[in-house]
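Okay, so chain A shows up in both of these, paired with chain B first and chain C after.
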Partner chain A sequence: MVLTERQNDALTELINIAFARTGAALSELTGHRVLLDSPSVALHLASELDNSLSRFVPGEVAWIHQVFHGPVAGDALLLLNYEGAVHLTELLTDESSDNSRLDESAREVLTEVGNILLNACLGVFGNVLHVHVGFSVPRLRLDTIQDLIAWLNRSRGELRYALVIFTRFQIKDSQVNGYLVLVLNMDSFDRLVKEIDEWIEENERKTINP
Partner chain B sequence: MSHKIMVVDDSAMSRRSLKRILESSNYEVIEADDGMAALEKYFLEKPDLVMLDMLMKGMYGLDVLTKLREIDKNARVVIVSADIQNSTREMAKEAGALDFINKPFAAESVLNIVTGILSEENTI
Partner chain C sequence: MPDLSTQAEQTIEIARMNDAVFRWMNDHGNQGLIVTDEHLRIRIWNHWLETKTRKKAKDIIGVSLLDVYPELVTRQLDRYFHQALEGRSNILSQKLHRFLIEIPASELDVEPMRQSVRISPLEDAGRIIGTVTVIDDVTERVNREAILQRQLAQRAKLLESESAARNAAEAANTRLSHLQTITDEAFAQKSLNDVLFKIVQGVKAVLNTATVTLLMADDKGDLIVRAIDGLEREAVLGIRVHAGTGFAGLVANERKPLSVKGKLPASPLNTVLQEHGIRSLSGIPLLIENHVLGVIHVGMTEIRTLNDDDIRFLRLIGDRASLVIERARSYESEKIARAYAEQANRLKDQFLATVSHELRTPLNAILGWARLLQSGRIDQKTAGHALEVIERNAKAQAQLIDDLLDVSRIISGKLRLNLSPVETAPLVEAALDAVRPAADAKGIRLSTDISVQVGPVPGDPDRIQQIVWNLLSNAIKFTPKEGEVFVSVNRNHSNVEITVRDTGQGIRPEFLPFVFDRFRQGDSSVTRTHSGLGLGLAIVRHLVELHGGTVHAESPGEDQGATFRVCFPVLGAKREELIEDESSLKTNLATQMTFEEANSLHGLHVLIVDDDRDALDLLVTVLEQCGAHVVTAGSAIEGLEVVGNVKPDIVISDIEMPNEDGYAFMRKLRALTASQGGQIPSIALTAHAKAEDRMRALAAGFHIHVPKPVEPAELLVAIRSLRERNLKGEAEGSSGN
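Our next item is the complex of A and B:
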């Protein structure tokens, strides 16, 4: 699947809008100003995710997973570097962890943070593209990237695409590295591209007839 | 007498956050961490308002809302959710929610909505 330049531009713009909303949600949650790097976007086959992800987040990661459904359906994952996840929960609970591990309470907090951030991001997709996205209950896991990829591709016979969005959040002098990964099957990916095409046309109509 | 508000959310973090906001305005807060517990507590405690998370383990918020309406057709329910989609807000409205509050919570907005509803200003 190759996106045209216009589709790629539109997708990048959509992700910029979505991440601005995500950053705002993170700022509201933590009570701190959040500096957000411009997100970089890449499209991969889900089975080839390993290399692209492990370059940026080596070792253990905290990841929150939500299945989303509707006309565009798939798996949404928010990946955070482990230290960043610990830092984030400390900011939210006003507690400093001695052993830098995520205890049960911290995991619960992180799951809800993932829920809020994934909803903020995918909600923008839903609103802008006029498709309703339903969500499953979020789940948190702590794993290596390799374990995550293996889990994502387990017993899946179908070809799936992974839209990988990488950004860095800087909150209160600390850096949190985060990935948002959307894994879609062919039908959902086709539908996403179709909705993006319609969004492009809608924008062009507005530009011509504001 | 202060109004009694039931906060229903499977996230302890969100319950804590809402509880803090509501108690700052002297509302009495009771908590439920899933839909079944919410239905039981509603029956026993008869809260004046229910603040109901949409996405929970077990029963989904809109299913809980439907059940609450069966128990009490006048049940006053506000949906809370991280979901920012306009279509979701519409679904909540159609299911009978009086209002819709997005997470993360903004204290002033929460209190405005709650105060409005509890003084009979039931609009979405």
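Our next item is the complex of A and C:
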């Protein structure tokens, strides 16, 4: 399956809205200006994620995972490399530790940041696309990227798609790169694409007859 | 079909149990639990919260959480509850929020309890009916983490310093082994140059600087580049850095490691280094027992100094290098000294063999002919020849012995010159006269070009004559029969140049530099055809140099003749005047003026002061024969009386007299006015012939100093020159009037 250019544009637009909200939320929370932007969106088969993501980091990654359910269901993940995760917590909490280690407190920070970001994205999808989405409590895990992908594809006989959204946090002249990944099964993905098409139509109608 | 009442009972039973479990949890749980309805009104406020917040459930049940804790709104935490009502769960990080509800961590703590909080929707049958909030006290965990963090930081620091120490130790080890290698390699070299190059190469390999330069100090303390790595050797080897100048001079002066960066101190070496981009130098002195042997310095293209480790390494290298260099140097100088001693010994052996041969040759003739004479078996004519041969050989031997004595004096530094202004032309003529018989005997033509007025030179006439005589005899000796010897005397700028040129066997180019060395003859083989000790030219050079002159030998090659050129500096005009008196005297003497020729003191009044009667008589006789009027005095007092009465033209006085000596006499005489005779020209006669005696006499007021025993001719010349001076002075005086 491939997204049309219009669908891709619409998706990028939705993600931009979600990222703007996340940035605003993080700015409020930390007192620093936090910007999020996404220069690229790509669609992959979940089973082929390895190839596209393994270039990101050779070692351990920190990932915040949330299961969402409803008419569109799947797994949502925020992926950071280990150093990026430590750096991001340091930037957000104004602390700097001599050792680059994610302790329990740092993990909580990451979990909350992941929760805010994932909620914003899925919330935007829900609100804009008029579908209700429920969420599980987010969890943070540390794994190699291979283990993460193996876990995502574990015991699922169905074909799943992964929307890979490059994510760049900009805080205090520093930036931390990561990926937001939404993994959907065929039904959910069809539903998402359908809702996107409707949203495009709705917007075009609004543009023609305001 | 199950009993309905039983089912209801069961349901009630389960509900009761759930309630009990919930109550137990409410009472015993160590977490805070808040349950609200959809309007965020508090429905459950558990025991833990009651204890910690001191707010009783019964007081706040049914009140909105946001009313109980209005700061939740100002801290923007209310949105998490609203999100929960929309179905979203949140975990609040203690790091970002510290706590949900402000509670002291303990009774003693000022700091509030750190809380990890989870806010979730409360669902019932697919519908959200409220929120559930669970609060965990993570204060202890946070403190633990902080301690752990500190420990980890300390450990990291410790590890870092440990690894730094290990690295330093390893580096030191490596350096040590480098040091050993450099020293070993340097030690393995035999020649000093190789030692020096090994050292600079080793240092460069370890310190990795752009250049490494090694300079060695000479006797004057100047530093000369002897080895370099990093630049072409030709560019810097041999460059001299004068003592105390440049960077190397500074290091040698200070005797400790120094560094400069940016602008290097001016020196010929630094100019070259700067041209090659060197902007910083660090150097150490090479010391042996606090004596500066040299300097090693390293150059860098960056503006920086070596670190302490590198400097320490350089110092260690320096300490060891000094020892190695000293060893190599003593080995080399020992080798040179040995070779020199061997050569000198060889030359001496050769010379002794020559001396022995040369001394025996005339003896053979003398002894042989003497025996023949003793035997009485030879006739009158042969006897005459025998005596002639004996005389000639005795003279030759006398000459050999004179030469040997001269050389001995030269070696012991006892050869002294009696310097006075001398005209060279008459001396050359005299020497020519002396060698003429020998030249005639070989049919050698003597030609001359002698300028008479070339100006006086400060010299010892006997020795100048000896110089010319030696050169002439040498020329005649080495010139074959029917050859030619040419002599010239000329003025060449401020020099008098005496040239002796022959058409003899010449000098091989390779021997030219040694031609004036002692104990050397061009041909030192046993079958050499020319007799002599080979001392003549060595004596010539020494005598010429004692006169402040120079001597050069030239020869186009073998069988092409040789030219010897002697230069004496002409006496300066001022100095000439100072000792004018003696100059005319000596010049006249040198021309061998005879007693009769000087016979013209007619009308001259002369006073002679001497306590020795015999000496007086002799002088009176001589002077009166020349037409002078002579008055005598036996003491200084008597002499002064005579001056008062007679007013002599000239006073001659002995120095050594009882009571008042000649110096005192002269001082008293000079104390008189001109009309009383205070300016009468005077001559000192004394047995003291040393230069300082002469100076003392002149200082006392004498005009001329004539050593005893007095040669009549010499005295006449002295008197005549004084009279001429007096006449000249009077003439000038009258023209001045």
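We take it that the second predicted complex is superposed on the first by the 199 of 210 C-alpha atoms of A that agree within 3 Å, B and C clash if a C-alpha of one lies under 4 Å from a C-alpha of the other, contacts with A are read in each partner's own complex, and residues count from 1 in each chain.
One rule holds for everything that comes next: a residue touches a chain if its C-beta (ideal position, glycine included) is under 8 Å from a C-beta of that chain, and two chains touch if they have at least 3 such contacts.
Computed from a prediction, not measured in an experiment: that's the story for all the values here.
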Clash or fit: chain B against chain C, after overlaying the two structures on chain A? clash
A:Arg21 in the overlay: touching chain B, chain C, both, or neither? Say first, second, both or neither. first
For A:His69 in the superposed arrangement: first (chain B), second (chain C), both or neither? neither
Between chain B (first) and chain C (second), which, if any, makes contact with A:Val124: first, second, both or neither? first
Quick check on the superposed pair: does A:Arg101 touch chain B, chain C, both, or neither? Answer first, second, both or neither. second
Would you check which partner chain A:Arg205 touches, where first means chain B only, second means chain C only, and both and neither mean what they say? neither
Of the partners chain B and chain C, which touch A:Arg6 in the superposed model: first, second, both, neither? neither
Quick check on the superposed pair: does A:Arg33 touch chain B, chain C, both, or neither? Answer first, second, both or neither. neither
Does chain B (first) or chain C (second) touch A:Lys172, or do both, or does neither? neither
Of the stretches 27-35, 387-395 or 441-449 listed for chain C, the one clashing with chain B is residues 27-35
Touching chain B and also chain C: which chain A residues? 28-29, 92, 105, 108-109, 111-112, 115, 119, 123, 132, 135-138
Note: in the complex, chain B contacts chain A through residues 10-14, 55-57, 81-88, 103-104, 106
Contacts from chain C onto chain A in the complex sit at residues 76, 83, 87-96, 116, 118, 120, 138, 141-142, 145, 148-149, 152-153, 156-157
If we count contacts the way the header does, which residues on chain A are in touch with chain C in the complex? 28-30, 89, 92-93, 95, 97-99, 101, 103-106, 108-109, 111-112, 115, 119, 123, 132, 134-138
Chain B-touching residues of chain A, taken from the complex the two chains share: 21, 25, 28-29, 92, 105, 108-109, 111-112, 115-116, 118-120, 123-124, 126-127, 132-133, 135-138
